[in-house]
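As written, the chains take the letters A, B, C, D and E, and residue 1 is the first residue of each chain.
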């Protein structure tokens, strides 16, 4: 069972801006990748020391610092001091249950986005936080754990032929967010396949486990929705270009991410509607089975109850029962029972219970 | 079963603007129709080559390029380069699961609309994407597969008496969108008839298949709604005339399409409400049948259970049972049973179970 | 069964502005009433010819042309040409399934309102379209079929003592819309009475027909709501006086109609809430009956099942069954059964099933 | 049963502004109280004649005219003529099913508020209309029937020590509305107590009457909500001080009433949520009882059915049935039955049905 | 059972601004703490007299007056007179069922927030009101009862190294509200754990008590939501810096509280969704158990009913029944019954009821 809330209460009573990691993935060390690039040059360095990383910054190039692992408050503080980041911003980087948001700090933007991951062999969705700081010439990204979403962008930066090398830091942030949103569709596709499997199970033979799976998916979608929905506002704010850190020429790209985000949200809503519909089908097919069972019981019971009464009747031990002495008493009784049974069957046929 | 999402994940990791066709209808070649017209002249050419098609463009006339089949990235790129279209725009043309939208690129508008089609003998609704690029003197339309919606407009263009020959490219786009929206009503009428059939089935004899059909229609309407709802915003944006590519004199026409779109959305919502009501009726009539079945069982069982007890009583083999020795023991027992049965029947009559 | 949509598909493929009557009430001829009035004079003429009607127009007076019956495209076109009405406007007059709306054409307003009518002896609500064109000195009203809603206004115009003779064309439109909205309350009152009848039926003895009536009313209210809800926006727009065709002094009257419209909408919503509550009561009282039936079955069955076992026991034919040979075997068995029956009854009493 | 709508249809066809009383409480005569006050003086007069009442107005003081009973059109007209009130305003005073609203007539405001009353020994909520006309130096209030809500304000006006004597007419209107809203809480408290009684009934033993009471309260809350909800907008409009008849210094008081109104609305919504929850509990506890009944039936029936079969078996009259001839045949059969019964009991224990 | 409303009706009829304590926790005396601080100095005094407390105010420092216990109207009035607070403001302090709100009185802000408390061993949530008055150089906080939420802030103020000593009164208010909102998460975590316990109970064995707990939590969340939801608007208003009492430099802190508040509201909504899902699971698993019980009954009954008929048949006492005289009559009858039983079992297997 996932923890519904990370242990925010650990921080109750601490002054604002205290750097305590509130996440589940404690990595001892942070892996830091520093990439400097412009149209002609490209340099990539890796380190585990925040101090060392800062020495690689080249003001004539765009700098991307990618920090994987955020439980080491020292790294966050060192970077924060160098780029003059607000203590609340640093605190938010380490509290990894933030909603997606964008905050404008004047000379830099702080953006929180959530990535989706599948766990438990694809049946559970969990979310991780990715924080971006976008400055004039730099982008810093913080991730809770290592993942491969940003690898293709690293590769594209390494190859001079792509547009990304000619664009500024805002385009880099766009590319990173775009990679995250594209990943949403990969996850949603998997969920969609899971829903289709559940749906065909439902048609074949609805069992309580199907119900439990539907409910589990509904619950997962509640969390997933919480992670994706606010991104809409974030990207829309960037598209409207409220900050001058985002060039007018980049807005068309953020509009594109906005479209994709809306599309993802639409899909989540559609999934929710479909699961609700499946729940209805499950419940009504369950009550349908009950009806069917009851009908069989009723038919068999109501046919045999009168017959059993008749055989009981002639099982009575009265001394004077004329019928029992007749030669054709037995066949007559059997005939009577056949007549009763047949008229019962006819009654049910008329009621359309067969 | 329809794919819930086209395989967007195929594109994960690719840079933005990559032209990969994400649709289900792969046509090897594109059919291109180029129409040039003004008040006096009209020329129609057909080709399969994008390069050839561009040679037909006549700057003194309004040009309409209609491309049927969009899996050939070469065609899209050639046209895109000639009209200076943004790579993201071209990408959107080839991703055929876009929501309806309008994007203003300054000297041209990009409009995405979805057409509705009936499949499976009219019981399934599927949607196709139609993209328009509206420039000063030209309209380019891209369709996934061939359909006959635009044929009457071609015919009207060919005949000089119609207003459309005197109007500009914006009126042409209006006419094309109007044709698509008019087609919505044809589809909705068919669905309405289907709903009425289901409704009369429901009154006659509700069977589980009826339920399944209702649920399938509800699901279809979820998708249909996703395709139609955003069109409202698109057309409203065009009516407000935010772009100068749409003449003030054309706005009244877009207002008309807006009205029709709202009407179509209203109808979809009404259908959804009706289907929900039908679901309620189905469920309550099912539980009604259960009640009826239970009542028959209860009446027959409760009448015969005491009688069967009595016949059992006189079937006991006690040596000393005075009643069995009486001459009128048997008729007395039968009389007792008749009295018990009649008082049971009276009890049920009082309870109004008959 | 009402047609859910009028046959809009008949028009698919026709150019916009084509005049085809899309309604159910085909009247061969239109009845045209022309009233000219000012503070001192009043003239009323009736004709069936559009041309003749135009000759009665007197520019020094307010003119009201009331057209009853709109299937004759010639009449609509003749009037349209004289007052310079847009083809789309004329088209909307003849498509009688429009939502209520107001469109500003500069020198005239186009207003669509829907009237309510009761059919089937008051159990079905149907709606008709009334279109108004409000110009500087004239009002033209188009109705699908003849009705008496406007008769009192005609009478008031004929009598010089009323305010209406001193006011302009905007006040006339207000009076006509006010008459339509007042009629809503008459219809809603009838529906309210119908709901109260259903409610008392529900308390007395809920039968499946009650359920069907509730569902039918819910469905009717869906349609009724579609007809009334958009009127709110229409009248609100007129109250805000966005067009100079409506005098500032008339706005207080439109505010009054607005109040009435909101009141009508409120009533419709209340009816819907009440019907939903009645549905809940029906379903729970149905399941209540099932419980009661089951309880009777259970009580009778569980009392007699052990007794029947006992009588069966002593009906066995074992050679050596000491009890059957006892002198008091039979009374003892009967006593045993009485004890079992009584303890069963006590058990049920404790469970409060009686 | 309350009338859902007052008989508005009585007015259909009458010109706007016609004074017809549409309410249920016909009082032959109106009781009019006229209070003149300023910081130093206070005069109170009572009359039944509108003409006489006007003679008491003193332009150097604030005047409050309180009219109780509104079925006498003459009184309304006389007062209306003196203060130059619009015919539509006078009409609204007499139509006592108005929604709460505020209308700005320039030199006076027209405010409609609804009071709540408990009838039927506190189990039914009904609402009355109170109309206010707020002018520069006067307030006129119209009530359908006599109630004691305004008595404390009369008393405070009579006593020179209170702030109210130093403030203008707007503060008087505030005080009157405040008294009405304070009364809402008295009513809501009573309803809350009623809900708590229902809730404890529900826990103790849910009977169909509980369900009926819950549904009746839900229905009452629908009407109550209609009466309170629009007041929010009314008071908010007065707080924003859109009219200069309300002094800036009085706005803080209207903000206070606004708070109370929102609080009352919140409480109504909470009640609705609670009643929905109670409905769910009722329904699930009813289905719970059914389950319990079914379980007892099933257990007893399934234990005895095999036993009854066994005793029937040895009740057969075959000539050659070896078991019946055994000396220990009978005890063996009884032992067999005990074994069967015990294994049935064990099966149910394993299924946790006990 | 909590009182749904505090006894507001006690105040009906009193003039506005009357100081009557409407809360449940009557403390005879108020505990007043006065803290004066600036960057260099810190003074803390405790008293029970309002008069004495005022003498400690030092205009060169920031003053925080924390009043615990608000039933003594004298204390509130004395403080109110000194700081020139509006009577309505003082009234709101003593009515402890206010919704969270912020009111701007020009030279001071009045802020109402609600704290959450767990009672009944953590199973019930109750809320208390905390009121703040924020002036240029002072903060006054009023609490109904003593709690430890503000202790850490007192401690931080006592220690010169923290930022709070260098900031103004607005930062102090922020810190206090932040402490309250942080506490929300502690409460929500406890509720979340409670929900998880309920959820695992639901999976293990759903009993009616589980249902009652779910409903009780749903009800608690309704109240909790009412307490937290309006805080969103309050903090958002402070973040937007509508009052100049809040420095531009403090806005980033209020934005942080805003984020936390939205997060808390999100969590409450998620809890509500989860509880609804659990309710659905409960109900469907209850109906599932019914189905299972019915199936066992049906299978056993339908297998034995025909068998019991057969044994009854050969229990009849007809003189001429050839089968009973056969040597193999008994084994043949047993064989017949075995065949019937097996074909029944096969029928059920085919129906998949096993």
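Methods note: a residue touches a chain if its C-beta (ideal position, glycine included) is under 8 Å from a C-beta of that chain, and two chains touch if they have at least 3 such contacts.
Quantities reported herein were computed from a predicted structural model and do not represent experimental measurements.
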Tell me, which chains sit next to both chain C and chain E? D
By the touch criterion stated at the start, how many steps lie between chain A and chain C on the shortest route? 2
Superimpose the Cα atoms of chain A on the matching ones in chain D and note the rotation angle, 0 to 180, in steps of 5 degrees. 145
So how far apart, in whole Å, are chain B and chain C when each is placed at the average of its C-alpha atoms? 26
Just give me the whole-number Å value for how far the CA centre of chain B lies from that of chain D. 42
Residue numbers of chain E (touch at least two other chains): 287, 290, 294, 297, 301, 305, 308, 312, 315-317, 321
Please list every chain around the ring, with chain C first and chain D second. C, D, E, A, B
Quick one: in the complex, what on chain E touches chain A? 152, 156, 162-164, 175, 178-179, 182-183, 185-186, 188-189, 192, 195-196, 199-200, 252-253, 255-256, 259, 262-263, 266-267, 270-271, 273-274, 277, 280-281, 284-285, 287-288, 290-291, 294-295, 297-298, 301-302, 305-306, 308-309, 312-313, 315-321, 351-353
Chain B-touching residues of chain C, taken from the complex the two chains share: 1, 4-5, 7-9, 11-17, 86, 88, 92, 97-99, 101, 103, 105, 205, 208, 211-212, 215, 218-219, 222-223, 226, 279, 282-283, 286-287, 289-290, 293-294, 296-297, 300-301, 304-305, 307-308, 311-312, 314-317, 321, 323-330, 333
